[in-house]
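What follows is a pair of complexes built around chain A, which joins chain B in one and chain C in the other.
Let's turn to the complex of A and B:
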């Protein structure tokens, strides 16, 4: 620890940042991709058409399906294809709290849609807080600790950065450590409000795991204390239980129209009916998020008489604060253009973490070169940096390729897509570390960038060969989801290729320079 | 509206950038030791950014407006920072082209305020409509 306050903060910023940077990079990258989880879902189910229809048009189709298939069930749930996150008519039904059945339907014809088994964008998004292969609680603790470190790094970063306004636009190109420092500062400061919001809200979302004693103080330490707390604090509001006395419900069309009169047109995303065809039947309508404070907005109607039972359009007090932060974190209310800006901010955040990781090694590079490549710690850091910064995108590319290449009838196909991601990432980590330890991380950067270019170039190519939809048909059909994903893949591929060539030239130049000026130092490449 | 907000934000940020000696010394055509110009640029920059917040909140509501404001700030600031590091003169031209080349006002405190005037007029017109 250094003596002065600012120096101490700089020390803390460096080490707190580095320690969790690899996992934070994973969290930020997968979280950023999560802003387009539904679009990735669509791309990963290429055989299924996507629909956007008026919610009212779908009700007769849903009604017909439920009458034919779920007459004896006591719970119905219907998701309407009215937003980006619900592209099909999705219906589920359940009897006596037994097994829940569900069906994905064509909203015009009611025909069942068969999707390939895929982990999709949802799993990719969930990994940013649930991680993988770990028990939920442990994953939450790990992510929570990383988030706390991130918040600490942000605060110390602001303290360290003396001239935050004066240096707002500073980026000195071509001056090695300064360029990386400027890049790191610029990436951090440009989207600082986003970084603070995302970190603080992320931390608050894990509040109940990280601070369990608050719950225990009020609900005790019994096994079901947590469940009791969640039932009280976040009541589901669909607890109407069947009494056994049957009664005829209003039709779904009438209930939907009544709800629309109360909340306005095109505002309902889903609804559920509990205690179906019972005197206790209730219909709960959930509303579309249109602004941050809209979370959990819903109305409940009596399904027999159509009377309004409760209207919950805005939460109050601390719960409202919690839901606003949740909506801000997930961008639940964001339309397509705002979602792209969320994505940009996420990419800047990912870039901030990556540039911080690189800055650590760049600052120590000259010293390491003089010592024949640096000590094991330095080399390991370099290797893990390569494996994270380039290896993870390669693994995500492999995940997309696995979706197209794995046989459709393979058992646990969705799990295997994810396994492919982690197998490839593992291989990239081994490659990066071994290269850094035994030869030079420089080679690993170039090799992995070339591999990344190849993988992302293959995505649209393999998709064209194996899937019914591809870049060309999507252009004809103006399917922007497919067009965007495949064009972004191509852009990433060409950027990686350009970067690989640039770095190869730079490293060769450095090598020649080193040999010319300091002939006594033998570069590691020649050991 | 998003395009208008982005343009206002970009011009506001470039004005602020040019008001700082650290950056304006990199622009060839920028007059040296012209305090009234830098003061006018600073005023114009802060006013345009404030106007962007007001319009965002007025148009999108408090919650969505603030989110839009910060999102546009991030986008425009990143773009201008990148652009300025590659071509400082072209970036300055974003603010100077209209008053110097088209309106022939030259580089003075009045030319620095021209965008503020334009955007205020545009916003007032839109509001009255």
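Let's turn to the complex of A and C:
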């Protein structure tokens, strides 16, 4: 190991970072896109209108639908079209915990809305913790271990700096390893609080899956130990069960009005009725997340008499800390400007990871060039770097294109959109590694950047041809969701094109320099 | 950078001490905390489980920062044994 605390931490930072950077890059990028999951959902079902309605107006429509379709069910759930994350009236009903039926409705007319089968923004963002094609538990462990490494990389990254504040304002342009180092520092420090918050809360998301042993110490190792702890710690106020004695419930309108009196107007996002038309009937109202501490807020009413049964508006102690961190991670409470800030912080984090990956290779580049392009390990690293940093965005672009291009009536359409993402990513990985091994990763960088430019240029174009909405109609209707997504695609396309040309010039210049057998001073590296 | 076999072996030792030894150490400290934190048991469990990740991070950093891997090994194992004995005393001998 290295002598000195800071040197050994720099060593640890380098290797811990490199080991998980590829998966972390995937987690950060898909997670960041998740801050606009509902907006991506909208873009991916272009023929379906979206609604923002006063919740109270929708209740008669929901009520009518349930009376016509769900009289025999004992459990109803109603999501109101009142926030960005719910743009339709969504109703589900089930009987005896059997199959759950659901319907997406036009909140004005009660007509069923037709949606194309799409994985949407939801599946895209869920992959950042659930991954894909893996059993749930294994995926959680892999993501958990990566997150743990991320925390370690963050802490060691901070302690290696003697003067983190001064370093932040340092930028040595045009000196390769130093410029990359300064860039990496700038990206990291600019949103350091966000990085810590997102990493720590990411661990808390999977808390008891990753570390069940403290529970086991108190509750034993039996199978239901966890359930016992959860019942003690998160008492759900068990959903009421039907007794078989029927009774007449208050109408949904009256129940909704009573709830609104207790929690204020325009605060309810969804509600559920358990033991429908039974003496045990209860109505539980969930509140819109308007601040981080709202995440579990709800009230429960007796659906026969309208009396308040329980009220849970503020958590206490460790639970308050826990739920506030989870809420900060998800950012459901964030308004549009805060949401953009979240998105920007996420992009900075993604950039931090990418620049760290590049830094590792740039530092070893001179040495690698001296012995004909470096050993297999170095070449593989370079290849995989290209395949993640540029290959993954290409794959995500392909996912967006697949949404527009796959025939609407194929089976498992939503799953095939995701398969397209991974097939393209696989191809990019093969391309990157083969290029790096047999020629040089430099070629892979330029080629994949050009491809990325093409893919992201195609997104608005293909969308214009195939979808009822396109950039021009969106501009006329000022549909910001479509405008933003398609303009950002164009921006990404032109940035990639610019970068590809810049890198091509740079690599040619380097080649000329190297042929000139100019003696270069190899900087002494610590790590 | 020294890539001799001995160097690699030393790195491997530290990785094992940090990941496995550090894990046991942190679990033990977290469980111990869950018994002594001055709050309701369920909250103490929650706080200690959350603290586990912070402790683990700290231990890993410590293992990689001490001069020799032997010191890291003894540091982690002796303290772990010490905490185990306290835990046994609490859980099975009814101390506390």
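Keep this in mind: the second predicted complex is superposed on the first by the 499 of 527 C-alpha atoms of A that agree within 3 Å, B and C clash if a C-alpha of one lies under 4 Å from a C-alpha of the other, contacts with A are read in each partner's own complex, and residues count from 1 in each chain.
We adopt the following convention: a contact is a pair of C-beta atoms (placed from the backbone, for glycine too) under 8 Å apart; a residue touches a chain by one contact, two chains touch by 3 or more.
All of these numbers come straight from a predicted model, not from anything done at the bench.
**Student:** Quick one: chain B and chain C on chain A, clash or fit?
**Tutor:** Overlaying the two complexes on chain A (C-alpha atoms) leaves chain C and chain B fitting together cleanly.
**Student:** So, A:173: does it touch chain B (first), chain C (second), both, or neither?
**Tutor:** Touch partner of A:173: chain B, not chain C.
**Student:** Please indicate which partner A:191 is in contact with in the superposed arrangement: first for chain B, second for chain C, both, or neither.
**Tutor:** first
**Student:** Once chain A of both complexes is superposed, is A:304 in touch with chain B (first), chain C (second), both, or neither?
**Tutor:** The answer is neither, since A:304 touches no partner chain.
**Student:** Which chain, chain B or chain C, is in touch with more residues of chain A?
**Tutor:** Touching more of chain A: C.
**Student:** Which partner chains sit in contact with A:214 here, chain B, chain C, both or neither? Use first/second/both/neither.
**Tutor:** second
**Student:** Tell me which partner A:8 touches in the superposition: chain B (first), chain C (second), both or neither.
**Tutor:** A:8: touches chain C, not chain B.
**Student:** If we overlay the two complexes on their shared chain A, which of chain B and chain C does A:27 touch? Say first, second, both or neither.
**Tutor:** After superposition on chain A, A:27 lies in contact with neither partner.
**Student:** Under the stated touch criterion, which partner chain does A:333 make contact with: chain B (first), chain C (second), both, or neither?
**Tutor:** First partner only, chain B.
**Student:** Going by the contact rule set out at the top, does A:451 touch chain B (first), chain C (second), both, or neither?
**Tutor:** In the superposition, A:451 contacts neither chain B nor chain C.
**Student:** Chain B to chain C: minimum CA distance in the overlay, Å?
**Tutor:** 20
**Student:** Does any part of chain A touch chain B in one structure and chain C in the other, and if so which residues?
**Tutor:** The answer is that chain A has no such residue.
**Student:** Can you list the residues on chain C that touch chain A in the complex?
**Tutor:** My answer: residues 1, 10-11, 14, 27, 30-31, 34, 39-43, 45-50, 52-53, 56-57, 60-61, 64-65, 67, 69, 91.
**Student:** Residues of chain B touching chain A in their complex?
**Tutor:** 2, 13, 17, 20, 22-23, 61, 63-64, 67-68, 70-75, 77-78, 80-82, 84-86
**Student:** Please give the residue numbers of chain A that touch chain C in the complex, ascending.
**Tutor:** Residues 1, 3, 5, 8-9, 11-12, 148, 151-152, 155-156, 159, 200, 203-204, 207-208, 211, 213-215, 217-218, 229, 232-233, 317-319, 321-322, 527.
**Student:** Which of the residues in chain A end up touching chain B in this complex?
**Tutor:** Counting only chain A, the residues touching chain B are 166, 168-173, 186, 190-191, 193-194, 291-293, 324, 328, 333-334, 337-338, 341-342, 344-345, 348.
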